[in-house]
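These are the structures, in structure tokens.
Presented sequentially are two complexes of subunit A, the first with subunit B as partner and the second with subunit C.
== the complex of A and B ==
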């Protein structure tokens, strides 16, 4: 093989080598960005699911006020809430604590994590007290250990 | 092909690849920053506020009747309406405004400090009077 041919082959190999190095770097960066983007989407989804509880909880049939089976008033029934708090360990809301604060406090669900930061969402809800037959205001608090 | 031409071609390929990688980075770094879920959350809060108020009792009456009385010119009912609205607004961390729109004008107007934000559904009463809440983004 003459010298000129050898130099040509070496140059081609060098270009192919550099090409593959850059390709590999590009792929690594691309996958890293893809993974971090997916993680951000998962985080956003979990965050939404957590915040959505302020709408889901008052609309749960287990808690919602109804009269003769007709749900004509948007309200949580205090007696149903108390009954639900007794059996809520059969539900899985994750590492959360769900509380209704009015004249007294009802812990609907209590499954705190041992560690981690706590996020909190709260909202006003209507609470029906069947003992006095009145619709009042309460504060629904959802805490999430992340 | 001459040696210089081959080198130039290799350089061009490398430059093109670097530009492509740079473009990939730009596409991913300039993502959509608007958080739509936050608006949905605030909308849920605003709706919870007006729905709670519309269901609740005040004395021997309910909130809706108080709003109708208020729009009819009963100042004591207006004080009750705005007072209970402010109690409910206290359960929301963000800035909130509660507003009553009377069918024939007048009425108590609004209370709160949110000028523009996510507005709840409007609760329309039998008299045509209506009320709603607006929750501001943080």
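== the complex of A and C ==
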């Protein structure tokens, strides 16, 4: 092969090499952006599920107030909540702490993680004390370790 | 081979080699991109499922799963696996479903009450199948109904149970048992017959176990509530006895018990101007 031909091939190889480098950088950037947008979407979804717990918990049959089996009042039964807090280790809500704050505090579920940041959601809920037949207000707090 | 021929051959091999690498790159890129898109789709499917499930738990009773993607759905005890494991949707509710294509799905919920609410059961119905029952009007109107000669899933009441028909799922119900393709399960409530129709035997068994566990937990909660209540101690003793009868029956897998006793005791509490238990 003559010298001119060799230089030609070297030039071509250099161009191909640069082309590949640009291609690889482009692909890495594209995947990074796509993966981070996917991760953000999953994170957003987990956040959404976490916030939904505020709706889900008061509706659980383990906690919801009923009369003759009819649950037409959106209220937590205080005595059921106290009973649930004693057996809640049989349930799996993940790394969370769920608390009802009224005149005193009932920890419904307590499974904190050793590390990580805590997110918190809270909402006022109706609380019924069947011993005195009184409806009151309480604060339902859900803490989540991420 | 002369010098020119060698150069030409070298160039040809070089071009083919580089071309293959570029082609490989694009192929890899395309597959990765498809995987990524499918994963995104799976999250979107899971989110839509979750929205429907939450809705069904509170207000709506049934809803079509209206999503633009075709997806593969595999069903495990606690979760639905979307697109061959690209996303696993954990289902917190007790649910009944069978594996298949997520093309024509309907979500339906029903309360299981014995005599208090145990849970809101969730049914994921594959409406690409045809359902038939010997009891008229058994399936609600949104379920794709077949006929006695044309069905994929048949539910037979009243002790008449056809022997297995090739490729068809047979559910038979007599007074206290449900048979799914010959496998025997206890009959607790009509809602479980729907569960048997819409799920596989393994999925049904798993959900049934979860129902029993939850039921026992609820009885423990009501026992504790009953003990903490400070009125009508004599009637509360009856309530306690009734709750313990049900609890012990459930623990010993004996489902032939009556909840009327507990219902009557609950009414008695009210008759004595006391707070009812449930």
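Following the convention adopted for this analysis, the second predicted complex is superposed on the first by the 143 of 146 C-alpha atoms of A that agree within 3 Å, B and C clash if a C-alpha of one lies under 4 Å from a C-alpha of the other, contacts with A are read in each partner's own complex, and residues count from 1 in each chain.
Here is the rule we go by: a contact is a pair of C-beta atoms (placed from the backbone, for glycine too) under 8 Å apart; a residue touches a chain by one contact, two chains touch by 3 or more.
Because the structure is predicted, anything quoted here is derived from the model rather than measured.
Clash or fit: subunit B against subunit C, after overlaying the two structures on subunit A?
In the arrangement built by aligning on subunit A, the partners subunit C and subunit B fit side by side.
By the touch definition at the top of the document, which applies to A:139: first (subunit B), second (subunit C), both, or neither?
first
Can you report the vertex angle at subunit A, computed from the C-alpha centres of the three chains with subunit B and subunit C as the arms, to the nearest 10 degrees?
100
Name the contact category of A:73: first (subunit B only), second (subunit C only), both, or neither.
The first partner, subunit B, only.
Looking at A:131 after the superposition, I want to know if it touches subunit B, subunit C, both of them or none. Which is it: first, second, both, neither?
In the superposition, A:131 touches subunit C alone.
Taking the superposition as given, does A:23 touch the first partner, subunit B, the second, subunit C, both, or neither?
A:23 contacts both subunit B and subunit C.
Looking at A:123 after the superposition, I want to know if it touches subunit B, subunit C, both of them or none. Which is it: first, second, both, neither?
Only subunit B is touched by A:123; subunit C is not.
So in the superposed three-chain picture, is A:42 touching just subunit B, just subunit C, both, or none of them (first/second/both/neither)?
Once the two structures are laid over each other on A, A:42 reaches subunit C alone.
Once the structures are superposed on A, label A:90 by its partner contacts, choosing first (subunit B), second (subunit C), both or neither.
In the superposition, A:90 touches subunit C alone.
Of the two partner chains, subunit B (first) and subunit C (second), which one does A:52 touch, if any: first, second, both, or neither?
So A:52 meets both subunit B and subunit C here.
On the A-aligned overlay, A:10 touches which partner chain: subunit B = first, subunit C = second, or both, or neither?
neither
Subunit B and subunit C, closest CA-CA distance after overlay, in Å?
So the smallest C-alpha to C-alpha spacing between these two chains is 11 Å.
Subunit A residues touched by both subunit B and subunit C?
The overlap between the subunit B and subunit C interfaces on subunit A comprises residues 12, 23, 48, 52, 55.
Would you mind writing out the residues of subunit C in touch with subunit A in their complex?
Its residues touching subunit A are 3, 6-7, 10-11, 14, 18, 21, 25, 29, 32-33, 36, 39-40, 43, 46-47, 50, 54, 57-58, 92, 113, 115-119, 213, 217-218, 220-225, 228-231, 266-267, 270, 275-276, 278.
Which of the residues in subunit A end up touching subunit B in this complex?
Answer in residue numbers: 7-8, 11-12, 14-15, 18-19, 22-23, 25-26, 29-30, 33, 37, 44, 47-48, 51-52, 54-55, 58, 73-75, 121-126, 134-137, 139-140.
Which residues of subunit B touch subunit A in the complex?
On the subunit B side, the touching residues are 3, 6-7, 9-10, 13-14, 17-18, 20-21, 24-25, 28, 31, 35, 37, 40-41, 44-45, 47-49, 51-57, 62, 84, 87-89, 91-93.
Please give the residue numbers of subunit A that touch subunit C in the complex, ascending.
It comes out as residues 1-2, 5, 9, 12, 16, 20, 23, 27, 31, 34-35, 38, 41-42, 45, 48-49, 52, 55-56, 59, 61-62, 64, 66-69, 71, 77, 79-80, 82-84, 86-87, 90, 130-131, 133.
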